[in-house]
């Protein structure tokens, strides 16, 4: 942490959270999973940890929320660790789509009909089918345990209300999964794969959990506590690159220009991001913009990145 | 039957079947339902009945095959009889798509996300959900009984091998059905609706059965035996119009120009067509062209229509 | 003309026009060609001629308007007469698209990148390039003369204000034409072809002119006055078939079900239609529905077709 | 330059060029601009300059080629300098498309119909219309002079053969430009804008010229010779971000993962890239892969990036 930032972040963060919070009224809480619509529309919280373990937080940083699409970064990493690059990139591509995260257009229009990248819904469903394990339950357990290790939080658990709500209403994800099955992309039973997917989307976290996971990525896969390699460096690199090109849905390009950090958002309003080598950051703000990202969370990150010149570019 | 045709059809039909049969080598038997791939690639048969009950046939007219998409004409009619036009056209549109029969593009791209017409797969699945009945089985029974009446064949039955083969492998239809569910088009459970759909596609017929059903349409809904109204005239009109604009998949426009008769094809190689007021015609030829229509069957109909000036236009 | 119709049409037509006219307030006059926006939004007129030369009219049947897309039927016919079917259908397909009349999607998405049919803009531009003649001006003259013969109106002429207005603002048509040029569909200079296209769209007519042209088609190409063959029967058949499948833009399917007659509309509010063997009909009503067809004109045709059972199906 | 790299690059570069050159046989020289097809298919060259002015080169680094799409990076920067961010991003978006560089799909499908980003053809054409100047010629002169300054090469000039070849055959770009005009994106005459576009695509360079321009970007806009600010830092940041997300056509995502450097390719086989703060790099290799990037050039950059751990991620 640069001297300048050490001095300024703790005192400035609360006021930046409050000024960013005002954007919430222009956003909407996700409603396509009924259970998510209960989230507080005006909430905004942030938690930040540096490589030495210092942390600071502001706003509603204690709010519990589900990881949703943020979990896709880590299932991608686990699938890479389980299968290697060749197997994974036989099932998903490496390109941003420019389409909505739940679009099926390119699956039909662009041969060979594999998802364009692992962070859109179709891609993440394909990735869920690549997690090692003898049963869907074992595979889900492996994902949960991986996230418990990364977040250094042994009590990480599913929000079963969200899980059931999503599982019951996820007809579009089901549609996508059967399309993938037809295209020969999915191994295993469609409902089994979807169950793994719904479960990892429903893991309940706080901003601190996200910040801790992000810090591991910021440190190129090493545990901030022990220095142990939790994730091979190359897979962190792959994940961070995807977070730049595809992490903020079809607003990733704009986010790269305005913020310039690897990040992944979820429709619960969470954002996981990092300043490589320095900070892990978790944010929550359930009010979403048109593209599905936390409207106040993005505003807060723009302020931080501009103020401290955090862009990688 | 005009004097000219009375004289000429019986003597010419066998040689026209043989000359059309040669196109089979340029076609392919449908393989996406594994059971269908067993059909004889060189088969071609035709059965023709006139309004007075005279019939003639040629080629492999005794071959048994499943109705597949041909059944969609009759589930549309039954859904209209069960619900009326307003309810039906709230769930499906009236326009040809220009896309493949199993395309999902327009469901995503064109609001309100209802199938463009009842003869593409998505539309026919939506129609299956509109058949009256207290249970999926009762609904399926009503479709089967309706076709038994129209074909005047009480022993019409499912080909259970095809039914199971389709049900097990129909991931693209499942994908479509869940997409429709998400768009609010489908009532009821997706798998229940699909079961109705798979069953009516699997009804086993001969060319004579198709010709008899077609004759009812050619007579504007009246039984050729009793003169009784089996289908209201308006619903026959709707069905015949769709058969002109959408009946031959995305080759319907070409078929209208080259043949000019209302027709519906199936991937089993069947074609049901008619000369309004005069003939009901059933054809089978499992070798399909690129668009999914019987390659030899279409050639045979072009010959007949040109020779006898049958085009409606 | 059936006895019933002879008696009823003249007395009923004025009241049907007035009751249909009320739909005008739900429509909009075309504005994409600035000059067209000057048309009277509440106008509705009809002219009908039978095979014996009896005619009747009602409403604003004297209104002058430009043919716009209605001219595409006749450039198709002339291109067929100049080149034959093989050459024409090497440049345009036979299928409805389900897309807007000025959509370019399928030109990019569907190989070989030729327009799906001759009645969408892209197709009509391709057809304009096939008209015989030693210069663009000579080609345009041939189209105009052909329509003068068919309409039996030697004074048919361009509306030069509309021509200039369209020529200056037709960027989307220019875009399409250059796309076709790139796809190898267009012979000749793009601007020359567009000039032919803009000119035939700008030919000024009354309902009576349209009715007269339509009557030639209704009589399978024969002059109602002399019985002379003005158009070969086969090309009339092709034209009428396209009018059923593609004549009313992407509302052709609905029109076929609700009216059931071959028809072609233009964004000036004109509709040319016919009852084969019996009537030629011209309609004008500049208020358009969402799909670009005369809103009151379509309503009037529904009334007529239902009342007299005119549907071909 | 790290000690390790100082030692290793000069000795290794020639052999890496030779081993990468073998990929040329799997590529194709661009043919859609006829003049480009004359390029030597087996050529591969590289030039690299560090911040202190040391340079090294290998292979066919003296080959002259046209900038093509590489020029888009600099017209974007000049348009930003001329107009500011607000005006520029009112005309083009910030998102990768996932489509081919000359696709028009999203212009029709996604409102408001502006190009998704400034590096696809449609976006670069829109950017060309934003260059300041009193005439098309003056605008083109300003672009050329800007590139002369950045490349520190006063003799940079157009390849008039390529310019004429492109101008005569660029029907797809014309189509795009008229589409943009229709969507209200382009100011000025379409042909004037296209002339600016064709000219900057036709500027003739060597690898050393590209490397010099890239070095200015690598130094955040400062002249490597004088330290003077040639481009404001923020506009360099914007350009570098776009080079990561959209610089290598619809293979940008893969390039980000495999190489991880800001880069821009052209269909002439050129690649401009950099190691921020350290090197400017120019590459040429006319044999292109399916996505339109130099097949051997990409291979060479993968080797360099992996060997020296150059990825930003």
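All chains are identified by letter, namely A, B, C and D, in their written order; residue positions are counted from 1 within each chain.
The definition used in the following text is that a residue touches a chain if its C-beta (ideal position, glycine included) is under 8 Å from a C-beta of that chain, and two chains touch if they have at least 3 such contacts.
Source: prediction; values computed, not measured.
Rounded to the nearest 5, the angle that brings the Cα atoms of chain A onto chain B is 180°.
In terms of residue-numbered contacts, C-D and A-B present the same interface, as over half of their contact pairs agree; the other options in A-D, B-C or A-B do not. In this assembly, the chain whose C-alpha centre lies farthest from chain C is A.
Rounded to a whole number, the gap between the C-alpha centres of chain A and chain B is 48 angstrom.
Averaged C-alpha coordinates put the centre of chain A at 32 Å from the centre of chain D.
Rounded to whole angstrom units, the spacing between the C-alpha centres of chain B and chain D is 55. Among the residues of chain B, those touching two or more other chains are numbered 109.
Taken as a graph of touching chains, this assembly forms a single closed ring in which every chain touches exactly two others. Those residues of chain D lying in contact with chain C across their complex are 103-105, 108-109, 171-172, 174-179, 181-182, 190. Contact residues on chain C toward chain B in their complex (touch as defined above): 93-99, 106, 110, 116-117, 237-238, 240-242, 244-246, 250-254, 256-257, 260, 262, 276, 311-313.
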